[in-house]
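A, B, C, D, E and F label the chains in the order they appear, each numbered from 1.
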Amino acid sequence: MRPSGRAPEATREITLTRGYTKHAEGSVLVAFGDTQVLCTASVEAGVPRWLRGKGQGWITAEYGMLPRATHTRSGREAARGKQGGRTIEIQRLIGRSLRAAVDLKKLGEFTITIDCDVLQADGGTRTAAITGGCVALVDALQSLQRNKQITTDPLKQLVSAVSVGIYKGQAVTDLDYAEDSRAETDMNVVMTADGGIIEVQGTAEQKSFSRSELNAMMDMAEAGCEQLFACQRKELGMVS
Amino acid sequence: MRPSGRAPEATREITLTRGYTKHAEGSVLVAFGDTQVLCTASVEAGVPRWLRGKGQGWITAEYGMLPRATHTRSGREAARGKQGGRTIEIQRLIGRSLRAAVDLKKLGEFTITIDCDVLQADGGTRTAAITGGCVALVDALQSLQRNKQITTDPLKQLVSAVSVGIYKGQAVTDLDYAEDSRAETDMNVVMTADGGIIEVQGTAEQKSFSRSELNAMMDMAEAGCEQLFACQRKELGMVS
Amino acid sequence: MRPSGRAPEATREITLTRGYTKHAEGSVLVAFGDTQVLCTASVEAGVPRWLRGKGQGWITAEYGMLPRATHTRSGREAARGKQGGRTIEIQRLIGRSLRAAVDLKKLGEFTITIDCDVLQADGGTRTAAITGGCVALVDALQSLQRNKQITTDPLKQLVSAVSVGIYKGQAVTDLDYAEDSRAETDMNVVMTADGGIIEVQGTAEQKSFSRSELNAMMDMAEAGCEQLFACQRKELGMVS
Amino acid sequence: MRPSGRAPEATREITLTRGYTKHAEGSVLVAFGDTQVLCTASVEAGVPRWLRGKGQGWITAEYGMLPRATHTRSGREAARGKQGGRTIEIQRLIGRSLRAAVDLKKLGEFTITIDCDVLQADGGTRTAAITGGCVALVDALQSLQRNKQITTDPLKQLVSAVSVGIYKGQAVTDLDYAEDSRAETDMNVVMTADGGIIEVQGTAEQKSFSRSELNAMMDMAEAGCEQLFACQRKELGMVS
Amino acid sequence: MRPSGRAPEATREITLTRGYTKHAEGSVLVAFGDTQVLCTASVEAGVPRWLRGKGQGWITAEYGMLPRATHTRSGREAARGKQGGRTIEIQRLIGRSLRAAVDLKKLGEFTITIDCDVLQADGGTRTAAITGGCVALVDALQSLQRNKQITTDPLKQLVSAVSVGIYKGQAVTDLDYAEDSRAETDMNVVMTADGGIIEVQGTAEQKSFSRSELNAMMDMAEAGCEQLFACQRKELGMVS
Amino acid sequence: MRPSGRAPEATREITLTRGYTKHAEGSVLVAFGDTQVLCTASVEAGVPRWLRGKGQGWITAEYGMLPRATHTRSGREAARGKQGGRTIEIQRLIGRSLRAAVDLKKLGEFTITIDCDVLQADGGTRTAAITGGCVALVDALQSLQRNKQITTDPLKQLVSAVSVGIYKGQAVTDLDYAEDSRAETDMNVVMTADGGIIEVQGTAEQKSFSRSELNAMMDMAEAGCEQLFACQRKELGMVS
């Protein structure tokens, strides 16, 4: 049985709160159970140097955890003078995933930075960040259109992400910390609303996994992302 | 008149929310109007090397702003690889101020780190951080007593802080960003609940200030801190 | 057709050269076609602080590219003062993968560092590094046994890795740079010699991929790793 | 009684030596007793990026202590790879204070950097740095006029600074290290020659201070700055 | 007698292998016995900022050692976040030495970076790097001419370097690690093919050395460089 | 003719002022003409980790230039976050040179750090630093003996250093900036009082130099160091 008592295919309670802070073009608090991540989308004119003059925009992401988002305090990265390997790995994943949601040509020479800051961690922070970050991104794209800075909608499709894993031999979805820290395999899957796969990252933690376990996890991921897309559409007032 | 329409001696609405996140020994969301700071207090056994064996504890503070807490996005300090001068100045002030609230001998060889992370900024983040950080600190001290890690209460007195200034020739209290960015003088005052002064930092921004203006600002600060102490006591359930 | 003219399931020529340099306990030059990586395994007594006293060893990896391993020179990470995000991502992958090859309890309190330095890059440097690093690791484990520093063989199984992808709609294996830079999807798969999966990292580069494409790539990966295990066993003089 | 035997209102011997080194546009060795600080003012054409095109100049300051300026050697900041929090706090104070001396519009697009390097420390290095830095700044402004780079004098007024404090219950001025390290309260006050206050930074070190102690310290500061202005005027050959 | 059994004036076996890797404009593996250094020369259009518009080019060098090039593993400089003092000293020497080989005016506004990465160290890595780097540089200069990017040959003369020293009271040439680590004096000499001296760096390791010992070492260096020039010319197909 | 009008063999006026600052165990201001360097020697109990338990002491050096020691201001290394290559090269030279003056076994487990900070630069700062640093070192050694921390004198011999060069075809000694910046060859020579050579570092700046020029420079260096030893002995009150 899962520590939380959930069924294998049950995600935690998912909430998305738009307009959580007031300055950003998009600002979403996303909660996957006790995991809470504040995702803001900031629009800036211009693109990084290596993209200049190519007539396209850029989406990038940064990730951070407040020092006491976790059970025990971890050192502040700003004070230690560099971002850790895990942070860098995660923010690269978020950036790649969200770029898949957008037609960068239609975005034009704007850069949108998605900041994902974990207020409270209980497993699945990167998948929550992608799911919430996508909603903040949509708000930022709409702000650009409302302000007549761009004329067409660059959004190609919604993107969401869920963690799946093998826990006590059983495929499960949306692992919390208690489960995640003891799972045999942990896999993050990023999908598009039309059922395409953007990213798969599966890691054997205790022992290797098999093709059939990989398939069982992928089934779980597809079902989990369906639920996440429904939450995103509802919060955004989109017809599914 | 003040941009907010407030009377010179009126602070913004102050709210203190204990237990805002679940892992920290103390976790308080403090709001001074639209300024929102998450203050957590983390207890760790042991003290910094230079204090070892002296039979006393230590209180330290770290401060950060989420990149889009402000009107325009500012670079993430963790990504830039160092904390800016303003950040360092502020976290040193918070640490000094909160150490004044505690009898470090009674604390014993524990270190309490107060993390103050600004979710949304609208002026006065450092004074909100000190005021909210003090409540988180009290919760952490009570947790130590509850767990029998220490036997007497190290709290000497509550500490709070307010910004005051000269705006259009008039002394005002608890400046928001609109006021702060145009004030002639900006001063932060940290006080103890028994009326003592812990720290005074006044800076002439546009032109120098006089002894009588200094006095008028100090009067404002005393009145403002009184209100803050009442908020702290109410949230902590302390008899005033 | 593939730029190299290879059949979809054909890897490049794979060579593994043991004893490439003289100081390291294991030193292997691995070539996947024009991709050349020097993998050394260095044994040091002791383990990182957080593992001390747990009666187990540790395997870690570091990765680097010589500045002119690539078509155009990239800045030296040592001179820039930090390792880039890609480097960190890769060396974490190599470390996780090679730890799966070893029973860390049997290793005892030794740390083995696998340094993977790319002399020439033509796609697939991380999979070459894992495949070659595993052979260097085996040599280091044998050196520990030869020197009577440990008494049982900590090797659980060989580990190898191959990149697969979707190129012009077709699943292909062991992509070189010409292919890799234009592939629709790029996936790295790490496997154990008994057919288990250690790590799957698939990224949609141009457009999302489907479950059936994922399956086709996994089939390719299994076949590719079989070839790699044969090369490893041959170079190590192991009976397959 | 004070450790030095001085009367409460007596400063140490103050000396200002212009032209101490030969390359800088202004170069002043300032001594407050045994505290010796070399202040140089360097003129450069242009302003920081964020000020370009605004038709004004900029004054900034940097502060450092030679490693053995103090009783025991402290690590060289250049070797440790960053400036400490105290250094940053002090150099920001010096910069703000000296900008108050100058009409930045009249300065035009020039940047003047005031370097304050402590050769020997015995308390009060930041107030000595401001007082000596102001004289170096005046020399640099005169050099700009002499060279016809600017046509009007940007100097608004002299600025000086003194430390005051509460020592054994008594307000005292210009604390040396022996006093400073045991004072109950330590306050730095920066003033303009016409009696205005530029900056007040008071910190309770042992116990909080009262409004009447604040007033007593301000009285001391005003008297102390009067003496410093007299020294500055004399060294600059200005009629008081 | 020398640990290697060599005669005092005998260098180790010297080999220079051009075209060692495929991407760089020049790529040479140089071996002085067991010391192996990969030297690549990379051409980039443009010069550093401080040289722009002066109608000349620039030659610079970077040096690194693979972590396990040595008897025991040394920390990777990229991971530690900075290059060590020895590395910086060596790469500055290589750069200065190779600039002496070239007429920078004739090079025009191109920058050539010589990367010298030590694959295996056994003493004399910096002299091997200069000697091999010069051949890589010649190849890069020829590539510029072949591509019609420049019209005249900027090569003024070949440059090579050898280490000499006093070992057990005897002047010897091309010290290997066993000798180098116990020599009384260690000196590196860089020369031009016409017999001029570019750089002399002699350091007394155990005791000071005399003018006559300096002379004996210089004689050794001249003879050693003669052999190196012959190897360079042979590998480059130049008539001596 | 030399820009200064000096004869080829004439050094600038050399002054050594002991006791220049009050905290350090040794503190010497050394002037070679307009070049002024403050050299302090700081004694600390203990040695670096890699020397512990070997029954010997350690001498190390750090070098810095005040930002406006030079004609134009150079960035403060502490603010830029790292020491430049030139600084590192120089401080390693100073450390090596001064270690040659001392019997480290007799020093016992103490570390002496020589800080050399350039107040004003006019060529030859590294040779001034070695010459002045040696006197500060002698004072620190005497302080250790006076305090009965060691019982025998670790000083083996005085060490001094002078720059020599080829200027307009003529060997000259103790070059000032005007000469140094246009010299054909620049060489720094460190010697012991008994005539031994500790270090030779000669660099061809404009064109290579010959063996006879090397000899002429060495003759100049021997004569120059003789004068420096006389100055050191006189300031230290030693019989020559």
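FYI, a contact is a pair of C-beta atoms (placed from the backbone, for glycine too) under 8 Å apart; a residue touches a chain by one contact, two chains touch by 3 or more.
Chain identities (UniProt): A, B, C, D, E, F = Ribonuclease PH.
Given the structure is predicted, the values throughout are model-derived calculations rather than measurements.
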Labels of chains that are neighbours to chain D (Ribonuclease PH) and to chain F (Ribonuclease PH): none
Reference chain F (Ribonuclease PH); chain at largest CA-centroid distance: A
Chain at maximum distance from chain E (Ribonuclease PH), centres defined as averaged CA atoms: B
Size of the rotation, in steps of 5 degrees, that lays the CA trace of chain A (Ribonuclease PH) over chain D (Ribonuclease PH): 120
Approximate Å spacing (C-alpha centroids) for the pair chain A (Ribonuclease PH), chain E (Ribonuclease PH): 51
Averaged-CA centre spacing for the pair chain E (Ribonuclease PH) and chain C (Ribonuclease PH), given as whole angstrom: 33
Centre-of-Cα separation between chain D (Ribonuclease PH) and chain B (Ribonuclease PH), whole angstrom: 28
Overlap residues in chain C (Ribonuclease PH), where contacts from two or more other chains coincide: 81-82
Chain order, ring traversed from chain B (Ribonuclease PH) with chain D (Ribonuclease PH) following: B, D, F, E, C, A
Touching residues (chain side chain E (Ribonuclease PH), partner chain F (Ribonuclease PH)) in the complex: 82, 85, 88-89, 91-92, 96, 100, 187, 191-192, 194-204, 207-211, 214, 218
List of chain F (Ribonuclease PH) residues in touch with chain D (Ribonuclease PH) within their complex: 21-24, 27, 34, 36, 38, 40, 42, 44, 62, 64, 66-73, 76-79, 81-83, 87, 113, 115, 117, 119-121
